[in-house]
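Going in written order, the chains are labelled A, B, C and D, and every chain counts its residues from 1.
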Amino acid sequence: MIIKNMLYFIREALNSLMRNRLLSFATISTVSISILILGIAVLMTMNAGSFMNRLESDVEIIAFLEKNLSSSQIRDAGEEIEKMDGVKQLTFVSKKEALHRLQENFGGKEYNLGTTIGENPLPNSYEIKAADPHNVADIAKKVEKVHGVYKVNYGQGVVEKLFNITKWIRVISVIFIVLVSLGAVLLIATTIRLAIFARRKEIKLMQLIGATDWFIRWPFFIEGILLGSLGALVAIVLLLLGYDSLISKTDSIYFFSLLSDPIILSKIYISLFLTGSVLGVLGTYISLNRFLDV
Amino acid sequence: MIIKNMLYFIREALNSLMRNRLLSFATISTVSISILILGIAVLMTMNAGSFMNRLESDVEIIAFLEKNLSSSQIRDAGEEIEKMDGVKQLTFVSKKEALHRLQENFGGKEYNLGTTIGENPLPNSYEIKAADPHNVADIAKKVEKVHGVYKVNYGQGVVEKLFNITKWIRVISVIFIVLVSLGAVLLIATTIRLAIFARRKEIKLMQLIGATDWFIRWPFFIEGILLGSLGALVAIVLLLLGYDSLISKTDSIYFFSLLSDPIILSKIYISLFLTGSVLGVLGTYISLNRFLDV
Amino acid sequence: MLVQFYNVSKIYPNGVKALDDISLRIERGEFIFLMGSSGAGKSTLVKMFFREEIPTRGQIFIASRSIVRMKRSEVPKLRRNIGIVFQDFKLLENKTVSENISFAMEVVGANIRDIKIRVPEVIEMVGLKGKEKCFPGELSGGEQQRVGVARALANRPLMLIADEPTGNLDIRISTEIMELLYDINRKGTTVIMATHAQELVRAAHKRIIMLENGRIISDSLAGEFFL
Amino acid sequence: MLVQFYNVSKIYPNGVKALDDISLRIERGEFIFLMGSSGAGKSTLVKMFFREEIPTRGQIFIASRSIVRMKRSEVPKLRRNIGIVFQDFKLLENKTVSENISFAMEVVGANIRDIKIRVPEVIEMVGLKGKEKCFPGELSGGEQQRVGVARALANRPLMLIADEPTGNLDIRISTEIMELLYDINRKGTTVIMATHAQELVRAAHKRIIMLENGRIISDSLAGEFFL
């Protein structure tokens, strides 16, 4: 029965789309704008997230080594550290290298630290990167106990501060996304409700001449899906174009590299599309029931 | 005439608000959501902006002084720098202080740089802060020419990079705000259009029984203002509550201090309120004209 | 026996008593005129047949099924067997004449071939040939009313309820419409028609039910009240 | 002399020729019945008087002002002097009976004291006392129609145009409504009434204009066509 009627339902839905131009247009544009704002919000927070990740993964632990270690002892210490859980990368910085860096920092030829200082006073050190930056403090504690290490530096206060900030930004992002999603849902539902309200007499008449609730619902549903998808599609196309041009514009700025993984992006776009369609049906369903129950 | 009728218009508007409950509710909630999203966007970008400002104002110029300057020459150089346009703050860092900082950085007692090094190899220096961080490069160039300064350090590449990022974030913020504003305008206009569409027969009848266009418009306008303001008010109350609790929650985190200047905030809130009201009238005006011209 | 009313009263939410203790028995195949002054309760009575309104008190049986106790999901089945001409037409503004009629057939699940044949047929019957593609807003009042009649006839209902179907029609077209109703009545359809048109009723010699203030004040064959 | 039509034709956008070369002269204070079969063009003709439709060809003058050339901003002034009973009533669904009527008075700028007196007066005149606070959806068809009549009368217009004002009314109430129209006509208002109700027209002995297919086929005093 439903399958037999499907053709009728689809035809009816398309017809109504065309005949109720203002209502269709209003629904499509509301969905578009809502999904567009939602999409921008998602992209922004995703990018902020990946930016935070990069910031965090820049955090380093520096382990200063004692003066009188033999090179094999140095190697042993290195190996021990490298074996630790969560250590991603280990770089040896010799005291000569350290002096060189210092020299570069301070500057001109006039102060050749290499000559003014009788002996190089700086220690050898290891620079350690953690796989998960949040483990930095733990790793640092363990590294401190390694034989030959006399001091560990990881910008103690700063890291916690950084993590605090990034945590907060993440929380706010999530709240923001949730709010915007909620807003989008409500906006779309409101518009569909108004559109169906404008056709309440049509619904009443259908009931009076013997249409079952489902017979009334189907064309509206199909219309809802179509309007929702169409609106979402418009939003996604705009988003795609805008974001792509943004990527190509910011390409030159290394630091600012935008999220451009096509898999993640297409997942976002597809979710947005589904959101639009689902909201189209859901909004229709809820609004319809209000008018059917009269 | 209009003044005489004002009472009627207002009564009519209020009546219609009550009688067309669904339409009123839809308009108010659309305005609320739109203004809420807009408000969140504005607050976010304002905070991002002030965060950027703080980041930028942390940028310092370090001027290294030649070794053999007398203390009066050092003072002269300092005075010359201080008199330059755009210099906000000047701090003298003696070579002893510099060594001390280095010591702190590298660490343990074992390496007492003060003793291992025969003579302190580090230079005296001035730390300079610019009133406007964007002038750092210019000031640095001028400082370089000061008698007694042999090198100027201001993290050349990094500053430009930072400014590039902040510039981009600002551009994106503005684009975002513009998009969201545009979206809010369209959403509100769409909803009002639908609401007026649902009452097109009323408008048609008014015309047929001899109402002038302005007589028809006035109650709708007042309704538009009321609905717009009411919606904006709801949004602003939500925003106020949410933002206040966010401020108090993040209060403990120094780094993350949110914008809380009551003057700026109230300016934002008032602008949002006006946006809502104006959009209410404007949306009504545009939509009405479409139905009046039939 | 098709319809039975037992002591039916209807009080609207605003307190108006539109029907007052109506008892009634309508056999299958009858033709009934419902008469009475404006506000007497004709439309309210008529709405009971297809459950647009539910009695405040009393019981109604159609084909031995209680309409009052009927479940919501059973209502469409009831309505499918009833053709209704509404006093206010209730045409869909954004469907053409043809679509308004075929729509009513699609609703009850008629198949496409039947629809294609029947729609032009009923349009012809009510004299609207040439107006198939017009929207209701492009029709005169009487033409709209006739679309309402055509729609009610389209499904060849077991029972036809017509609420003032000739209010906007001149005597010639009214008579034609009445012929249509007599015709389907002869073919077995029960017809209940609320009307003010005395000249039509007088000519018909059918059962007449007179309402006043929600009560039946007389119920018999035509003629006697007008002499 | 109030109204003059010169060779007025109306072709609707969909190609239907609703009026065909109508010339007409209506003096101040006349009472005119417009008759003709369904779709003859009565409503179209009537809509010309208050510029709801504009002629495709020809000229119309009301009080020597050309309606065709009239600026958009002048239309309200014209309509304020005309009371209209619409064939489809056109009541506002979300205003009560009283409000629907007072609304029409507020629109033309009547002052509040006048409105307070006049509204109950016209409600009484059409026999709707007790229904003041009802919404149109809570009224019977005939009651709605009478609200339409009351609204048209409220402003004591110079000209009253009534399009089928008795289609949903029984003969007794119709006659009462007609008495109202005759009464205001006696007091100087020009009345133009489109109708199918032959018995009303026959009893009236007024000027009758007969339309057929958009043309005037006769224009004279009543009585002659029915014998």
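Going forward, a residue touches a chain if its C-beta (ideal position, glycine included) is under 8 Å from a C-beta of that chain, and two chains touch if they have at least 3 such contacts.
Remember, predicted model here, so these are calculated numbers, not experimental data.
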Shared interface partners, meaning chains that touch chain A and chain B: none
Of all other chains, the one whose Cα centre sits farthest from chain D: A
Length of the line joining the C-alpha centres of chain A and chain D, rounded to whole Å: 67
Whole-Å gap separating chain A and chain C, where each centre is the average of the chain's CA atoms: 62
Rounded Å distance, chain B centre to chain D centre (Cα mean): 62
Centre-to-centre distance between chain D and chain C (centres being mean Cα positions), rounded to whole Å: 29
Arrangement of touching chains [line / ring / star / complete / other]: ring
Complete list of chain pairs which touch one another: A-B, A-C, B-D, C-D
Sites on chain D touched by chain C in the complex: 12, 14, 16, 35-39, 42-44, 87-88, 134, 138-143, 146, 163-164, 167-173, 196, 198-199
Chain C residues within the chain A interface of the complex: 50, 52, 73, 75-80, 82, 84, 86, 90, 92, 94-95, 104, 106-109, 151
List of chain B residues in touch with chain A within their complex: 22-23, 26, 29-30, 33-34, 36-37, 40, 44, 64, 66-67, 102, 105-108, 110-111, 113, 116-119, 121-123, 150-151, 153, 161, 164-165, 168, 172, 176, 179-180, 183, 186-187, 190-191, 193-195, 197-198, 246, 250, 253-256
Of all residues in chain A, those that touch chain C in their complex: 1, 5, 8, 12, 16, 19-20, 201-202, 204-213, 215
